[in-house]
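One structure follows; several queries about it will come next.
We just call them A, B, C and D in the order they show up, numbering each chain from 1.
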Amino acid sequence: MSKSNLTRRGVLKTGTLAGAGLAVPTIFTSRAHAFTNEPTGGTVTLGFNVPQTGPYADEGADELRAYELAVEHLNGGGDGGMLNTFSSDALEGAGILGNKVEYVTGDTQTKSDAARASAKSMIEKDGAIMITGGSSSGVAVAVQALCQEAGVIFMSGLTHSNDTTGKDKRANGFRHFFNSYMSGAALAPVLEANYGSDRKAYHLTADYNWGYTTEEAIVSSTEAMGWETVNTVKTPLTQTDFSSYIAPVLQSGADVLVLNHYGGNMVNSLTNAVQFGLRDKMVNGKQFEIVVPLYSRLMARGAGENVKGIFGSTNWHWSLTDAGSKAFVKSFGEKYGFPPSQAAHTCYVQTLLYADAVQRAGSFEPCAVVEALEDFEFDGLGNGPTLYRAEDHQCFKDVLVVKGKENPQSEFDLLEIVEKTPVEQVTYAPDHPQFSGGSLGTCNNGG
Amino acid sequence: MGILEVKNVNKRFGGLQALGDVNLSVAENSVHAIIGPNGAGKSTLLNCLVGKLIPDTGSVMFDGQSVLGRKPYEINQMGISRVFQTPEIFGDLSVIENMMIPCFAKRDGAFRMHAIESTATEQEIIDHAEQVLEELNMADKRHMQAAWMSRGDKRRLEIGMCLAQDPKLLLLDEPTAGMARADTNNTIDLLKQIRDEGKITIAIIEHDMHVVFSLAERITVLAQGRPLVEDTPENIKGHPKVREAYLGETA
Amino acid sequence: MDAIILQILNGLDKGSAYALIALGLTLIFGTLGVVNFAHGALFMIGAFCAVTLSKLLNASYTTIDETKTDFLGNPLKVETPYVMDWFGPEAGAAIIDWSVPLAILFAIPIMILIGVIMERGLIKHFYARPHADQILVTFGLAIVLQEIIKYYFGANPIPTPAPDAFTGSFDFGQLIGFEANQIIYPYWRLVYFAFAAVVIGAVFAFLQFTTFGMVVRAGMSDRETVELLGININRRFTIMFGIAAAVAGLAGVMYVPINPPNYHMGMDFLVLSFVVVVVGGMGSLPGAVFAGFLLGILESFASMGAVIDVLPGINQIIIYLVAIVILLTRPRGLMGRKGVMEE
Amino acid sequence: MLGLGKKDTLLLGIVAVLTILAPFIFNPFPVNSAMAQFNAGYPDLLQRFVIFGIFAIGYNLLFGLTGYLSFGHAAFLGVGSYAAVWMFKLLSMNVIPAIALSVLTAGLFAVLIGYISLRRSGIYFAILTLAFAQMTYALAYSVLTPITGGETGLQLALSDPRILDGAASAEGNLPVPGLFGLEMRDSVQLAVGDWLFTFSAGYYFSGLVMLLAFYLAIRIFRSPFGMMLRAIKSNQQRVNYTGLNARPYTLAAFVISGMYAGLAGGLMAAMDPLAGAERMYWTASGEVVLMTILGGVGTLIGPVLGAGLIKYMENIVSKINSDILHGWFAFMPDGLEDFIVSIIYPFIGKGWHLTLGIIFMLVVIFLPGGLVEGGQRIARLLRRRKSDKDEDAGQAKTEAAE
C-alpha cells in the first residue's frame, strides 16, 4: 500500500518538473514592459490605499465605499451614478478600454511609511496601474512621490495642504480636492460680509506642514481685507486638551479664533473653545466668533452641537442640488443607507476622471494619461465646470463655504451651504509664493 | 601593619550611630572573624570596606591604599573579593561561564571591548576556570545552569568565583547563613582548605559560632557599632564582656 | 499675573486627569507589584461606559413623518427615545441630558467587574513573572481592548456633552478683582476638578481609616508578614485592582464632556500617566497625585505664547524634559521608595 | 568556519540559504490563484523583512543580552533614515556613504542618549529612553521641519545639489539610490508556468547586509563581551563585585544596538528615499519590542522571525477585504457564507491590529520564549515521537530477524 503511494507521489513530482521544463522559464528584466503594470488578460487593477486603522479609519471606510461604487459603475453595474452626468462621454460602463476593473485595498494607517509600503505592495505584487486614496497631506505627498518613481498614476484622495500641488507636486500625481489657499480665498469674502472688515484674529495652528500652509493662507487672505492677526500659536499634533491654548485667547483682545486644525485636533479644540464660552462673549463690542477653515462632516459629527453657526470651507457637500451631486448621492445613499462625505466624493470623482482619461487617451500608459488629464475641462461631477490645470495638476472649481447648521434634521445634516465661491476668486498663478519651490518633473512610465 | 587597616571609622544613619570609632587591623594571610549580635554594625562595616557605603569619618586602607570613595568594582580590582549572605552568582549562565567571568575580570580589568573574539578560543581563561572547578570538585557540573544547583553548590561556586581572581583579601558575609548542616560543613572544609594554603587573607562576618571557632585565628567582637574586644578564639570564648553582649543570643 | 492664574487653573484641571489615572496605576503597582500598561485602556473603557449609557438612554423607536423628506427624498424617519415615552418628554429629556453624571453609577460596577476579571483571569498569573513580561502582556491587552472598542464604536470621536446646567463658563477673574473676560473657566472643568479631589480624597480615606485599607497598606509595604498573620491578602488585592480600575474608569466617564472620546484616548494618556507615576515615584500614592498636578501645571505654562517664543517647541517636550531631569536628579522620583523596580 | 562554532555556522548557513531563496519561498502560489493573496515574495516586503530583521537583531543585542528594556529605539532608526536621505540630497545617490553616515549618526546619538539613560535601570531606564524618543519625534514633526521635512517627511528633490553626481536639474525624474550604477529598484523576473518570481537588487543588497549583521551578532553573542552582557542581565550586583564596570559594557551594547537601528534606517532610506517622523513614534519602538518578544528574546534567530511575522501581518493580512473573503467562501450556501465571513472579518483586513494583539498576548502568556520556544517544543515533540517510532522499527526488525 505504502509503496504504491510513494510511486504516485514520484510521478506527480516528475510531472511538475516536466511541466516547468515545457513552460520554458522566460527571464526578462522589468524594463521589457512598455510601462509599469501594463494590463493583460482583460482586467485592470486599481489600488485603493486608505486609512483602515488609526484615527482616520472611519473616513477611510467612507472612501472605500465610494471606490467600490465607482468600480461598480465603471463596470456597468448599478445605476451608473455620475457617469450619466459627466460631461465627457468616453466611458460607457464597459470597464476601462474594455478591461474589467478590479481593485485591491490597503491600509495607510495615516503614516507615510505604512502608506508607501501598502502602495508598493499594490504596485509590485498586485500589479496596480493607478493608486488613489488617503486622508492626510503627509500621506498624499509621500505616496505621490512613490508613484512618480514607480511610474504609475496617483490620484490623491483627501489632501488639503498647498504642498501637494505646490512644492511637492509630481508629474504623475493629480489632485481633485481643493487646498489651503482656496479655503482662505473663499472664506475671506464671506467672513467680511458676516463679521465685518475690522476684526482681530487669533490663530491656533497644528504644528506641522498642513497647519503651516493653512495658517499662511488664511492669514494672508484675511489681512488683505483688513483683519488684524493678533497672534498665531502652534499646538502639538499629539495634544488632546487645548484648554491651555484657548484660555489666553480672550486676554489677547482678539475677537475671532481661527482653528487651523483637522480631524481629532479640530474636534477637541473646537469643543474646548465652545466649553470656554468664547462664543457667548462680546469683545471690542462685537460678538466673538470661531472659524474652522477646513470642515469635514465626518469629523464635525465628533464635535456635535459645537459646530452650530461656525463657518468653514468644504470641497463638496451632499446637499448640493446639481444633477451630478444628486446622482452620486442617490446611488451612494441607496447602496449604503446614508449620504457620502466629501472624502468619498473626491475619491469617486478621481476614479472616474482617471478612467475617462485612459479611455480618451486610448492607452493606460501613464504619460498618455497625464496628457489627457492636463488642462482637461469637465463638468457634471458635482463641482460645476472644472479645470485640471497642466502647470500643477490641481483642479480649479467652485469652493463651498459652509456653516454648522442650527437645526439639523438628522445626524448627517450638520452643515449648510452659505456660499458657492466662484472659481475665479480662488484661482491663483502657478508660481504663487504659497506654492513656490518644487517642480512637476516629467511624467514617468516606469517599465 | 595589617593588609587591611580600619581607623576611627564612624557612620551615622540619621539618629543612629551605626559605627562608632571602629578600629580594625587584619594581618596578612590570617583569618579574621568579626562577630556580634544583631544590629552590632557588622554589615555596615563590611559595606564600608567594599565601597557600598562611605564612612562619615575615618580611613580604610587596603594594601597601603585608601579604598574610600572607590566604586565596588575598583575595590575588587585592588584585590578584595566578596561573598554574600545569599549566594550571588549568575543564575542564567552555566557553571563554567560563571567561573570564566572573574577570570576575564582578572586578566582584562574592569572593561575591555572584546566583542568579536570567540570565548571558545580563550584557552587560558577556560583552562583556569576548569582548574578552579576541579579544585572545587564541580567539574562534572560545568554545563549545568547555575540557578538549578543546590544552595550549598551555589555557595561553593561563589567562593570559587572569588578564588579564581586570586584575591588578596576574601570577605565573607555570613557564608553559612540558612544552610543545612551538611552544606555548612562542606563550606567550612572548603574555607579551611583555603586557609591552610595560606595565600589569602580572609575576613569573615559570622553568626554561627561553630563556623567562627573552627576557622578564625583572630576575632573582633562588635556591639552597638563599637569594637568590644579583639583576641584569639580561645580568649574570646570565655570573655565576660562577650557573654554579656551575647546573652541569650549565643548560637 | 492673570495669565499665570489662568494657566494654574488649566494645569490643575489637566493635572486632575493625570492624577486620577496615575493614582490607579500606583495602587495596582503598590499592592500587586504589577506594571499595568492596560491602565489607559481602563480609562478609555470608562469613557465608553458614558457613551454606552447615553446610547442606551437614546434608544429609540422610529415613526415616519410624511411631511418631511430625508436626503434621498424619501419620507423622513423620526426617532423618539423610549425614555421620553416612559417619563414624558420633559423628564425624558432631562434624563438624557444628565446621562454623563448618571454614567458614574453605571460605570462603577462595570469597571470593578472588569478589573476583577482582569486580575483573576490574567494578571494573577503574572505576579511571579518579570516586570517586562507584565508590561508586555498588559500592552497586548491594551491593544486588544482598544480594537474591540473601535470595532463597535468606530474610529471617530463621539460627542457626549455635559448636562446643560454645566455648559458654558463663568468669569473667575471678576470674582477675584480682575477685569471681565480675563480669566474665564468652564463649569464642567470645575466639576471635574472637584470630582477628582473627592475621588482622590475617598481613596486616601479608604486606605487610611478602614481596616481593609490598613491591611492593604501593610501589604503594600510588607506582603509576606501580612500573609504570615493569616490574612488573605490576595483577595483584598483583587478588590484593590477592581477599585483602581473603577478610579480610572470614573476619570474616563467624567472626561467625555471635556473631549469627545475615541478608541485611542487610552493610549494617548498612557505614556503621560507613566511619566507621571515615575516622576512621582513608583509606588507612592501622594507622589502620583502631586506629580499629576505638577506636570499638568508645567504643561500649561509651557503652552503660553511668551514661553514658546523664547523656546520654540518647548510645549511639545516639556513633560519628557521634566521626567528626564527628575529621574537624573532624584532617581526614585519625587516621593519614591528606595529600590522599587530597579532589578 | 568564519570563527563560528559548528551549530552557529549551520544556523548562519540556513539563514543565508533562506535569504537567497526567499523570493521563491515567499511566493508559493501561482499568480492567478486565489491563494496568491498570501504571496509575500515581492521586493518591497522582502526588503522590509530583512530591514526590520536587522532592527530587531540589534534590539535583541541590547534587550536580549543585557535585559535593559529600551522603549525608544525607533529614534535611532529615524535618525539613521534622515542621515541617509541628507546624504542622498547633498552628496551622492550611492548607498554606501549614505548607510555609513546613518550608522555613524545613530551611533553618536546612541552615545548621548545611552550615556544619560543608563544611569538608571529597570522601568526608569525604559521611561528615560521613551522620553528621549518622544522628544525627538515631537521636535522632528514640528519645529525641526526645515531639517526633517516634518509631516510630509524628508524627500529628494530635483533641485538637490548632489555634489558627486553632478548638477541639479529642474526637469526629468528624480535619481534613484544605487550601488555604483546598480539601481536599488532594478529587478529581474522569472516566470515558471503560472508562477512569477521577482529578484530585486535592493532586496539582495539588504539581504547581504542582513547576513553580515546577523553574522556579527553571532560573533557578539559568542564573545567574552556577550558573556559579560549576559552576566549583567543575570546579576548586576555580582558583576560589580567581580571587578567589572557594568556601565561601559551596557553603554557599548546600547550604542551597538543603536547603530544596528541606524543601519536599518539607512537601508530603509536606500530602498525608498523618504524619511518620516512617525517611524520614531513610541508605538514604532513598541513594535520592535513586539518583534523581539514574539520571535524569542535572547535567541539569535527569534527577532528575525518576529520581524517577519509582524511585517507579514501588516502588509498581507491587512489587505484582505470583505470582497476577497466572500470570494473564498463563495462555494458555501449564502447564509453560511455570510456567517463565516462575519466571524472571520473582525480579525483580518482592518482588524489586523486585533489579531496582532491577541497573538502577542498568547505568546507572552504561553510561550515566554517566543516562536523559537514554540519551534523547540514542536521539535522535541517530533523527536520524541520519532524515537518512539525508531523503537517500533527496531522491534519490527528484530521480529523479522526471528
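A few comments on the model shown:
One rule holds in what follows: a contact is a pair of C-beta atoms (placed from the backbone, for glycine too) under 8 Å apart; a residue touches a chain by one contact, two chains touch by 3 or more.
Not measured: the values here are computed from a predicted model.
When each chain is reduced to the mean of its CA atoms, the one lying nearest the mean of all protein CA atoms is D.
Chain pairs A-D and C-D differ in how many C-beta pairs they share in contact, with the greater number at A-D. Computed centre separation for the pair chain A/chain D is 32 angstrom, with centres defined by C-alpha atoms. One simple way to say how far apart two chains are is to compare their mean CA positions; for chain B and chain C this gives 51 Å. Distance from the chain C centre to the chain D centre is 35 Å, each centre being the mean of its Cα atoms. Centroids of chain A and chain B (each the mean of its C-alpha atoms) stand 73 Å apart. Shared interface positions of chain A, i.e. residues touching 2 or more other chains, are given as 57, 207, 234, 236, 238. Chain contacts: chain C has residues 316 touching two or more partner chains.
Within chain B, not a single residue touches two or more of the remaining chains. On the side of chain C, the complex with chain A involves touching residues 2-3, 6-7, 9-11, 13-14, 17, 68, 70-72, 76, 150, 154-161, 167-169, 181-186, 188-189, 257-260, 262, 264-265, 268-269, 299-300, 303-305, 308, 315-316. Chain A makes touch with chain D in their complex at residues 19-20, 23, 25-30, 52-53, 57, 61, 64, 68, 104-107, 111-114, 116-118, 120-121, 124-125, 136-138, 141-142, 145-146, 148-149, 161, 163, 168, 207-210, 212, 234, 236-238, 438-439, 441-442, 444.
The touching residues of chain D, counted against chain C in their complex, run 67, 69, 116, 119-124, 126-128, 130-132, 134-135, 138-139, 142-144, 282-283, 286, 289, 293, 346, 351, 353-354, 356-358, 360-361, 364-365, 368. Against chain D, in their complex, chain C makes its touches with residues 35, 122, 125, 129, 131-133, 135-137, 139-144, 147-148, 151, 267, 271, 274-275, 278, 282, 312-313, 316-317, 320-321, 323-324, 327-328, 331, 341-343. Residue ranges of chain D in contact with chain B, taken from their complex: 3-5, 216, 219-220, 222-228, 230-231, 233-235, 237-246, 248-249, 252, 256.
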